[in-house]
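What follows is a set of structures to go through.
Look at the two complexes coming up: chain A is in both, with chain B in one and chain C in the other.
Our next item is the complex of A and B:
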């Protein structure tokens, strides 16, 4: 029994961490610009495809994996920056519906672009031998890559918190999130911050795409799947809340892995059950109105 | 820039929002050390004119020069980093941060390089001294560790004012600095403005106000606006005496 619970715990956290990375970008963009970006799923998908291209589908070295992740993150970050300038910048003053529609249009455009470049047939990225195995902790088998996922997620969670709370950039970003007009009047580069935050949010999606591509079939269905999952996490955690995204992603990962272990019948539904419960009981999310309007 | 160059020079500026022509061909200058009041009834265009000067709106036509530089297309942030500070009608600050943190942020942002990821936002000695002096000057030192949203109404305005002043501006724009204030708070604001002018004889101030007493007590010149145009310019006494003012601004018929 203990073995089962521990295994479900580890695999739940490992499932939740990449979801956190995707959702952190989404919630960051919402928190600062109030943009609900449907194209976030496409950012994620492009990250997965780019990572696949760098590693070529075959097993590579750890350094190649790192290069692949960096290329996925930086290229998708650049795509995010271009989308900000070309699409979103002119829409910040409009209402949510307009930006939501624009981001949906961007999702469809990027999706079409991906199908043009990579086609529709699924690809798979072989896991690196160094990470393909598993090892024993407390008598329980733990997949090596699960530990990698947990490690990267934890590092990013800490890094993002430090960035937002402790650095000058974070201070500026929170000021812009609080009140753009006032931030400008105080001399802050609100535009630059918006561009940087959009690029950073997109880069996080690209990184997550690369990071979990060895576990998935890489095809154009990734975008809708992950946009739904990351929206679910952001809703459960509270729109704009970084801590909320982390807790919600872990919760949903754990719910999923415990459902698989103990109630296999619910396995596919656990996400929707969680979202429904949260929307019924606490519509603003667990940490609702945290990062963004906590400032207000 | 020589002493003759106006701090702010507005030349034939136009601004429309859709079919509404908010500002139509307004020109005026503000020199160092001068305090200018923009007055007019609601819808006269003074708020838009103020927004154009602050960089909140961009002029459709005409130029806005700032210390001799054409700043028409400068965003608000760039104007601020070049010495223009402003306050808002509703006091704006960061509610969840302390009074002192708000002032530190104001100093920090006027310095302007937010992409210093490595910068840990530590309080440099000089910066901290400036902030602490300002806290004392505006009698906010007792509240320096208080969350800004816990401040009383009058103190909120003072905090916003302190945030603008601590940036050591050359031009200060005050949007309705006494709006919604009690008589006592209005008097305090007037005293504060006077002491600020005394302490900074080179500081140019542009303010919008409804309250005649404020306008009289602090401004050197008054601009009366109506329907987007500049109708009258003069000393407070001249403008107040003009029949047009009574008709337009005070809502009294000139006849």
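Our next item is the complex of A and C:
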């Protein structure tokens, strides 16, 4: 019994952490700009495809892995910056639904572009041999790559929190998120902050795409699937709350793995059940209103 | 843009009941009926075989788009879950296929299932609005579509094939031509109902809820109830459209429940223009035809729909029909200058 629970715990965290890595960029963008970005799924997918292209399907060495991740993150960050200037900047003044629809349009466009460039046939990316194995903790078999992802997720969570809370860039960002007009009046470069945050959020999606690609079949269906998942994380955690997103991702991962172990019929639904419960009982999310004040 | 309600208010204030121009306008119901009769008559003349099948598909999507626009355009509710109600209608017909009910009864049951599902959802979900509500609809639609794969009776990947078209008043709907007439009759009647609903007090109250919920509730409109009723009506009509679609295709397949279909119907409304009666209809026709043409010539129609939608959202928020007043205004201005 204990072994079962421990195994479910480990696999839950291993399921949840990648979800957080994908959703972190979405949370960041929502927290600062109030833009719920459908195209985030496409950013993630492009990251996975670029990573595949750079490494040619085989992750040879750790330095190659890092180069691939950097290229994926930087290119997708650049795409994010372009889309901020071309699309989202024009819509900040309009209502949130319009922005939502624009991001949906961008998702379709990028999805179509990916199909034009890479086609629809699925690809797979091998893992770095050092990360491919697994080892035993307390009698439970744990995949090495899961541990790597848990580590990366933890670093990202701490890094992003420090960036937002402890640096001057973070302070400026929080000011812009809180009250854009006032931030401008104080001489802060709000436009620049918005551009930087959007690029950073997109880069995180690209990074996530590269990181998670060895676990996935890389094909155009990634975008719609991961959009729904990361939206769910962001809703459960509280729109715009980084810590909330982390806890929500872990919670959903755990819920799912416990469902698989103990109630197999519910497996796959935990995401939806969590979202429904949270929106009904606590519509602002577990950690809603923690990052920036919400407007009425 | 002045809304219907504001227009009415202004008319009341100025003592105008009808302007000289409006007196000569064709009654709305007649206008809709005339369009449907003309389209119905020329349809089989222009199209045969697979193009008539395509035209019938377009007709069904016209109804689906109009139903979605009750939310999007009238009430200001964005829903990314309308495919669930469309699919519910289709799967109802699929499940009823072994009983061999008359097609019209199937439509009624499909409508009821769509409406009940929508009502339950909106009763539960009405605590949130706006973007959060849109997300909830997305999640709801996805979980319903996941059920298709989990409940063995719903056929999983292969759906529910073998749905017969049946016969109505002794006439078999098997040929595409008779099915066209059947679809014209159903969608025509519902289009008139939608038109009347739009002009009714209920329609006006939805506009008020959309433009300013606070003011609407101050005027005595029950905002929550209006949203729930609007959602139920949209679910009901989507259920009918889905049921018709299943009868046309002969199969209820899981891909019609995917959230991308909910997205497509939103695109239809936006292309045509969501604040006009004819906008969603025109959008649905354009989308269906473009989708057909594009999937024959390119592997990724999404690219073009995405770009088109971007243009609409960024520069043409009132859709293609929004161009009409723009152009006519420019024309009249030019005439004034000339005279």
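Throughout what follows, the second predicted complex is superposed on the first by the 292 of 296 C-alpha atoms of A that agree within 3 Å, B and C clash if a C-alpha of one lies under 4 Å from a C-alpha of the other, contacts with A are read in each partner's own complex, and residues count from 1 in each chain.
In this text, a contact is a pair of C-beta atoms (placed from the backbone, for glycine too) under 8 Å apart; a residue touches a chain by one contact, two chains touch by 3 or more.
This one's a predicted model, so the numbers in the text were calculated from it and none came from an experiment.
Visitor: Who does A:179 touch here: chain B (first), chain C (second), both, or neither?
Guide: So A:179 only meets chain B here.
Visitor: Let me test your reading of the model: by the given contact rule, A:100 touches which partner, first (chain B), second (chain C), both or neither?
Guide: In the superposition, A:100 contacts chain C only.
Visitor: Which of the two partners, first being chain B and second being chain C, lies in contact with A:188: first, second, both, or neither?
Guide: first
Visitor: After lining up the shared chain so the two structures overlap, which partner does A:109 touch, if you call chain B first and chain C second: first, second, both or neither?
Guide: Touch status of A:109: second partner only.
Visitor: According to the stated criteria, A:166 is in contact with first (chain B), second (chain C), both, or neither; which is it?
Guide: first
Visitor: So, A:276: does it touch chain B (first), chain C (second), both, or neither?
Guide: second
Visitor: Classify the contacts of A:57 with the two partner chains as first (chain B alone), second (chain C alone), both, or neither.
Guide: neither
Visitor: In the three-chain superposition, say which chain, chain B or chain C, touches more residues of chain A.
Guide: Tallying touched residues of chain A, the top partner is C.
Visitor: Can you tell me which positions in chain C touch chain A when the two form their complex?
Guide: Residues of chain C touching chain A: 76, 78, 124-125, 127-128, 130-132, 134-136, 138-140, 142-143, 146, 150, 258-260, 263, 266, 270, 299-307, 309-310, 312-314, 317.
Visitor: For the complex, give me every residue of chain A touching chain C.
Guide: 36, 87, 90-91, 96-98, 100-102, 104-113, 115-116, 119-120, 224, 228, 231-232, 235, 239, 265, 268-269, 271-272, 275-276, 279-280, 283
Visitor: Across the complex, what residues on chain B touch chain A?
Guide: Residue list for chain B touching chain A: 54-56, 75-77, 80-81, 85-86, 88, 92-96, 105-106, 108-121, 163, 167.
Visitor: Could you list, by residue number, the parts of chain A that touch chain B in their complex?
Guide: 163, 166-175, 178-179, 181-193, 196, 294-296
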